[in-house]
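Letters A, B, C and D name the chains as they come in the text, with residue numbers starting at 1 for each one.
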């Protein structure tokens, strides 16, 4: 690597005493580009990455000789002149259920605040970064892509550039199958969601639990928290029959990018970059949701780019070349190099 | 076998010139119990079986040394005293799309009429059968279970006894996944449903087509025919985005047992037997729909028996022992044995 | 169909009181070509088909609207002028273990005699067939292809034309994996082969048994029968360790076409047709054995044709067009049409 | 963690200019137990871990919230009093083909020397470790278990304690299937092993290559190097026919623990600990080889413990509790705590 990777440990204030007892300390990998530190006063744009469901900040830089990490990829793209220098920060929204969707939830904790306020602030304090929103990008894949879209809508004042790879959208298409599998899993635990949740949390390696079931728990804890429920959240289906519960489902829909974009149209219009993609072979059919999002944005006359590719959900990593290249260039327009340092 | 199997070939009037060009001649296996023909004037109850999706009458008696056919099973149960003698008739509702759901449809043909009128009439003409509805039972598995439920609702005057093994019910749970896969399949055919349908129909062995996709085509041809559509039917989702089309979906819902039972409450109350089961390991989650149907029937105060078992969708054949035993006993109550022959 | 299919039931003499208690009566489908019976005195060549492992004569003509049977295929090829008229006889070598490999074995019965003597004789007695070996062809797929090769070697006086589709050959490549799985299965049955065999035989639908395990039992019962063994046969590996037992393995090797061809070189040279194929995507790697057989035949200067194609083991049915066309033409050279009838 | 993990980077002398151009610098995670450094002069035993095929030193400590690393596990076991304090060193034998089997090979490099001399020496130089072989243990899983067995046999003077979890043994059972798949893969590359190898090496993420095929390449590069071969190694089968090549296979067999143990009987007898296990549900049937190894050791009257468990190859991690506990106790017998420090 030409740049430098360092792992920051942030002891979060907002995640302190979170309801699941998840660690308040989060390891945050930070990539500093090759020239970082070479020139006094130079400030760099920051690109924030949000890992997918079950992903973590630290895990995103795990070593695998046959799989380039996002950081290694960005370093290579910069070296090849295909991306501009920027700081790349790997976020973390992991919870005991696998992930928070980067939302605040009474069932999991204040992950939205953690990313948008605490993490952004920490980076700003510690590193030489551009202080304008035009110098900040947010992107991710799958649940991380969802996080980028939803936080982008809600915090367009913080991030001017947003990108999503196959982000969760059109929730009925994303999650209907998972919710049916959750019903079957609850059945196997004597019909008791509480017992399923208790056994899941007790299990050290989660090997006995289907990914779809974990996903359903994660989404419910993020989208429909309920402090009065014994497990801390509601599930949008009757677990005995699979029938949709409209009152809960409405809460999910309010957080579906396909619907939420209407409410946040003005914020979305203010973004300098709104880019997303999906693959036509996506095993979770996330290109269907992406198309609906694009249709809706068009209807609302919100400028955006939607690209479709031929990869599936699992092998789409080459697409990061596109987003890293794009975001680093867009951010770089406000790169404050050469400005007189005020410090 | 103690009884006798013969294959009838019925040249249907109602299926003549059906829109898919499917054969009007149907091979209908008929099982005659051991004592059939031994006593002049004795009349037997008739149990009609409806094969599942992609099943045929003739295929239901295919030979496999390690898989008992329904007919062999019934013969064994009678020999063991676990079922009463009855005639067992294997119906057929196969179409070029894999099946008709035993409904009349402008897209496929008059399969409801074929079963309820033509097949029942044919059997009555040709065999020594009880002529009262109390002597007629209708049952099936999966799409055949659906057929038994829906025809039972609509034609309680013809069949007094209805049984369904894991029949299609709660359509959003049954079919949502298939419809998403249909979208993906249409995508692969250049976004054209017509092209997909044309290639499907041209294909001799259907090996290139996913079962879920075939199922979606079959259901659409049965539930939402539309003579104005180039393919003859409507699909309840936007094929580009997967978004539900409410106007078409409403037509599907009207045929969903979970909803249709309300409209047919009086008929359902008139049934002498309304029995259904499902397995908690059903790969298609059909036990969820079965529970909803049972809930709805309870709410409507319609007498029925719903049994749950631990098998999956594919290995539940031992459950036929239960239904064959039950139906043969219920029908036998009006068994006209020993009545003075009038002929 | 233009021709006619009839199911003969042969009550075998040689299979009477076979050691597994398998039925001596076998259902044998016989296809009579369109012109059969039209012209007095005309005699037809006969093509014998041997089903694969777990296959049966009767099952080979099972109805499936989306899968042409071999008989339907032959009928279509004749109608299209792509094959010559011949009688097509579907053999049967099914046993309680799934198949006999068409060999005589003290563990299963005299299946070689059944095919070569009894079935050939029955057909000759009952149908107007050519009586010379030049008018008889034998072919099959997988275990049926093996049967054709091995019976062809041993009975070149009976069959002048032999064809095999992906027949078992190079036994170490064919069966090594199955034998390891047999070890694992015996393990699950308390380390007792006898118990495994007993449970297997007791099981009505065999659903609890892996195909590889059944195959290993079937091969052992065919290749290394041993009347002194409690199960009637030896297994060529130590079931606790998987180590090869050379004394038993030698018996298997003697029946491997790749080795057996040496011993039967003269007979093989006398064949009028020796044709086989295999697919490079064969899931059981049977093309490797086929290549070795071809190499060996070349070395022995035995005329043959070996064709390779791009299909796998399961989707190679289009290849039957090639073999049926070839065999029917070869046999037809001695078609005794127009000879003065002696009767 | 109570102890401390540090990643050492060793710039190897013996791996310099290795034939595959693999890095000479290796990252070696070293776990120092809680009391390390607390007491001047205390020396600790060292347990060396060898990762499995495609594993690396660095990758062995990758973070996953739902999967304890070996280091975290050992730390937990020490804290719970279930293991004794020791230094745990994660070795590395990764190559461009996925692994070296920890052997010296002209095709890959001097990995045996790297582990036995260089790594052991490095640890001795840098950390306060026991200097007697009684204070050194070597263990691993799968290919790492193989490495522990084979290096244990050859270097009993260096390591007194050896443990293997489901190590490769009885090579014909381990690798026969992989070699057939290698034939099929070579076929797809135009019949050219060179082309397959070239494409494999060029590929960045190896996604197009079956694990079995990679394994076959890795084993051939380790067991049968040949400087005269264009790819640097021989394969023990004819790639066109799958037929075993006895001259090459003999070289593989010489390295099979089941055979090699005979040659190394004296060394094996000198070990203080020789322990191995395997699971009866091992997907690669490695329990069969383990049994054969145990049989052979018994025959040779070599003391050892062989344990069998009910896990498969992939979910056997709980077994590390057993080996870590055992090895740490065995090593601790020579723990030089309290000896007067000589420095």
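Please note the rule applied: contacts are C-beta pairs under 8 Å (C-beta built on N, C-alpha and C of every residue); 3 or more make two chains touch, one makes a residue touch a chain.
From a predicted model like this one, the values you see are computed outputs, not experimental measurements.
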**Prompt:** Count of steps on the shortest touching-chain route from chain B to chain C?
**Reply:** 1
**Asked** Between C-D and A-D, which chain pair is linked by more C-beta pairs in contact?
**Response** C-D
**Prompt:** CA centre of chain A versus CA centre of chain C: separation in Å?
**Reply:** 59
**Fill in**
When centres are defined as mean Cα positions, the distance from chain C to chain D in whole Å is 47
**Asked** Roughly how many whole angstrom separate the Cα centroids of chain A and chain D?
**Response** 38
**Request:** Please give all chain pairs that are in touch with each other.
**Result:** A-B, A-D, B-C, C-D
**Item:** chain B-touching residues of chain C, taken from the complex the two chains share
**Value:** 27, 54, 56, 58-59, 62-68, 94, 204-207, 315, 317
**Asked** Which of the residues in chain B end up touching chain A in this complex?
**Response** 170, 172-173, 176-177, 180, 183-184, 187, 240-244, 280-281, 285, 288-289, 291-292, 295
